[in-house]
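Letters A, B, C and D name the chains as they come in the text, with residue numbers starting at 1 for each one.
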Amino acid sequence: MEGTIIRKVGLMMMSIILMLAACGTMNEDSIQIYNDTDEDIEEAKQVFENDDRLRKAVVVLHDDELLAGVTVGTFERFRKTKIEKDLKEKLEKAYPEVEVLVSADNKVVIETKKMTKIKDQQQLKKEIKKIKSLSEEQT
Amino acid sequence: MKKGLLTFASRPSIAATGVTAGPLEQQSPFAPLFDKVYDDERSGLLTNEKGHAKLVEDACMIALSKVDSKPGDVDFLLLGDLVNQMTPSNFTAANLEIPYLGLFAACATSVSSLIMAALLTEAGMSQCTLAGASSQHNSIERQFRYPVEYGSQKPDTAQWTVTAAGVAAVTPNKAGNPAITKATIGRVVDLGMTEPLNMGAAMAPAAADTLQRHLDGHGTKITDYDVIMTGDLAKTGFELYKTLVEKAGMDTTTNFRDAGVEFYGNDSNFQAGASGAGCSSTVYFTDIYSKMMEGEYKRVLLIATGALLSPLSYQQKETIPCIAHAIELTMK
Amino acid sequence: MVSMFVTAFIVGGLICVIGQLLFDVAKLTPAHTLCTLVVAGSILDGLGLYEPLIDFAGAGATVPITSFGNSLTHGAMAEAEKHGFIGVLTGMFEVTSSGISAAILFGFIAAIIFKSKGKV
Amino acid sequence: MDEKKYATLEKKISPKPQIARNMFTAFVTGGTICLIGQGISLFYTTFFDFTERTSSNPTVATMIFIAMLLTGFGQYKKIAQFGGAGAAVPITGFSNAVVSAAIEHKSEGYVLGVGGNMFKLAGSVILFGVFSAFLVALVKTILVKFGVVSW
């Protein structure tokens, strides 16, 4: 009787793992960019689009700060820190004078999504600073 | 080896027995025969050890009430248990104020105290002696293994210590009561077992050795006895014990029983079965005693087994030395 | 989001399977097994392998006891990076303070509230 | 019957631990506990200011609290009997070790009993954790000083 349970569960596990890996890659509506500066956002969209490790991206561009919250594919999460570094370099090359912060953390994605709806400038600045301090925190 | 053998010409009798047990023991097949059962491990007191002492004291009082005598009439009190320095037995002796001899043979104390009582009666020094042993699950678990609430996975060879006390009143020969005729003092046997969660395997050789010495020394055979019951070997130990006895050329299929195997019935919650001085003493003083009084058993051989380790000896990587004392009861 | 739950379940389960193998095959006592896993956790972090596992599995890697060893080492190394050798000592409980303090605090509160029973 | 012969006889007769079954139950129990942990950490990231990384601290504290309640009401030893390492390896097992020792030795008073025995089971985990962390961090710092490895 033992053997059958183990085989059944093994099968179930394998199917779940396959399902995880096969999630969709980037497409048009999975990138949200909120930009209230005169910077050209086309290049940022390019950076996120052709990086197939990402699944979703939310970007806020506000005077000299760019805040990007990305969600990576399941098995890419092993190299989350490396992905963050790559994107940061690319974006800094694209927008040299802008201060870039890229984070693959869930919290940042949630907060940036909320921020895209905030209208007044003051509130937006405060939020960006809060997110910056959050992501540096160790404990 | 003819040493350590005792024969009691005056055939001292077990006049009465008193057995008290804890809440979990109510699901034991022997539960109807228990004299008193508590619905709380500590029998309503503050600490486990206090509950343990009350358990023993009540058993003594019940045994005395059955021979309608009072603590003042008792010559000797022979008790033992597994708690450090046997404090529950000591506190019971303090309350009963009977001349007291503390005996330690781990779970074999039930038989070793009977043997000592028979010796005192045989020597004509005692009209009534109380002999018994007891154990309590919580106080033994926390001392020998882990705190009670700690979640460790017990293997299938683990045994559950019984919360019970069994005391017998031993008097000079009385017709109609089981008489103590022969006994064998066990030798400490240590075949290199180290796992405290498999004590049955450690105790089995001691039981086989004592059985062999009893049969050779007293010139009796397996078939002379209606039942040969070991103390608390439990499933694993009982199998090993029977294998050892069969290797010595004796048939173990008919009259071999074990208190540890039968105490909790076949409940897998208790892994291999029961253990503790309470287990052997209660089964001997209820099931065996009543069956002898009703005439079902004429002659029985009781071999209580005990593991003589301590938490310290285990941590110092010592092996587990074990002992088994045997006593023969006959109805005439 | 759902994938985090599945990976946590699988990685957490696998670490516990390793612990169970230490129980049954290596015949270690629970205390020995936990110590082995804690040491393994801190060695893995020394090699930089445990942080990616936490990124991948989330609670699946932070709940097992290996994360205790990992966060001790991580705190020590982070501080050592800034202050050199003395940082190894000062940074030790930097990251994992909540585990120990919660255990001590709740242990004592439990001792006040509860009384142990022997039922099966 | 000498020791070696008896040892082989004992090995033959004593029931072996069912390794396959135990591995499966440990996997399921450990997985479920980590699943609950993931749920709690998600709760902290959405409603409080914790990132994924920093939410592990409050999650661990909450899991320890839950394990305290389960131990106090005598349920944890049933989970552990079923799950084995699945209940001992997660942080709830560590909390169960501390809480059960504290409850058990309450009868000896708070200072000598609870205070003296609380870390009877879990103390070795902290000791070896700190010692191994110290060694690993020391070795790494030395290697970095020699430029063999970078941070």
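As a working rule, a contact is a pair of C-beta atoms (placed from the backbone, for glycine too) under 8 Å apart; a residue touches a chain by one contact, two chains touch by 3 or more.
Quick caveat: nothing in here was measured; it's all calculated off a predicted structure.
Enquirer: Could you quickly compare C-D and A-C and let me know which has more C-beta contacts?
Expert: C-D
Enquirer: Of all the chains shown, whose C-alpha centre falls nearest the centre of every protein C-alpha atom combined?
Expert: D
Enquirer: Rounded to a whole Å, what is the gap between the Cα centroids of chain C and chain D?
Expert: About 7 Å, centre to centre.
Enquirer: Nearest whole angstrom, what separates the Cα centre of chain A from the Cα centre of chain C?
Expert: Here chain A and chain C have centroids separated by 28 Å.
Enquirer: With chain centres taken as the means of their Cα atoms, state the distance from chain A to chain B in Å.
Expert: Computed value for the inter-centroid distance: 70 Å.
Enquirer: Need the CA-centroid distance for the pair chain B / chain C, whole Å please.
Expert: Using C-alpha averages as centres, the distance is 45 Å.
Enquirer: What positions in chain B touch 2 or more of the other chains?
Expert: 48, 147-149, 152-153
Enquirer: At least two other chains touched by the same residue of chain A: list those residues.
Expert: 106, 138-139
Enquirer: Note the residues in chain C that touch 2 or more other chains, in rising order.
Expert: 1, 4, 10, 23, 30, 97-98, 116-117, 119
Enquirer: What chain pairs are in touch here?
Expert: Result of the pairwise touch check is A-C, A-D, B-C, B-D, C-D.
Enquirer: Which part of chain C faces chain A closely enough to touch in the complex?
Expert: Listed in rising order, the residues are 1, 3-4, 6-7, 10, 51-53, 55-56, 78, 94-95, 97-98.
Enquirer: Mind pulling up the chain D residues that touch chain B in the complex?
Expert: Against chain B, chain D makes touches at 1-3, 6-7, 9-10, 13-15, 17, 22, 71-72, 74, 76-77, 79-81, 83-85, 87-88, 93, 96-97, 99-101, 103-105, 107, 120-121.
Enquirer: Under the stated contact criterion, what part of chain C meets chain B in this complex?
Expert: 23, 30, 116-120
Enquirer: Can you name the residues of chain A that touch chain C in the complex?
Expert: My answer: residues 13, 16-17, 20, 23, 74-75, 77-81, 106, 138-139.
Enquirer: Flag every residue of chain D that touches chain C in the complex, lowest number first.
Expert: Residue list for chain D touching chain C: 17, 19, 22-23, 26-35, 37-42, 52-53, 56-61, 63-65, 68, 71-74, 83-86, 88-95, 97-106, 110, 114, 118, 121-122, 124-126, 128-130, 132-134, 136-141, 144, 151.
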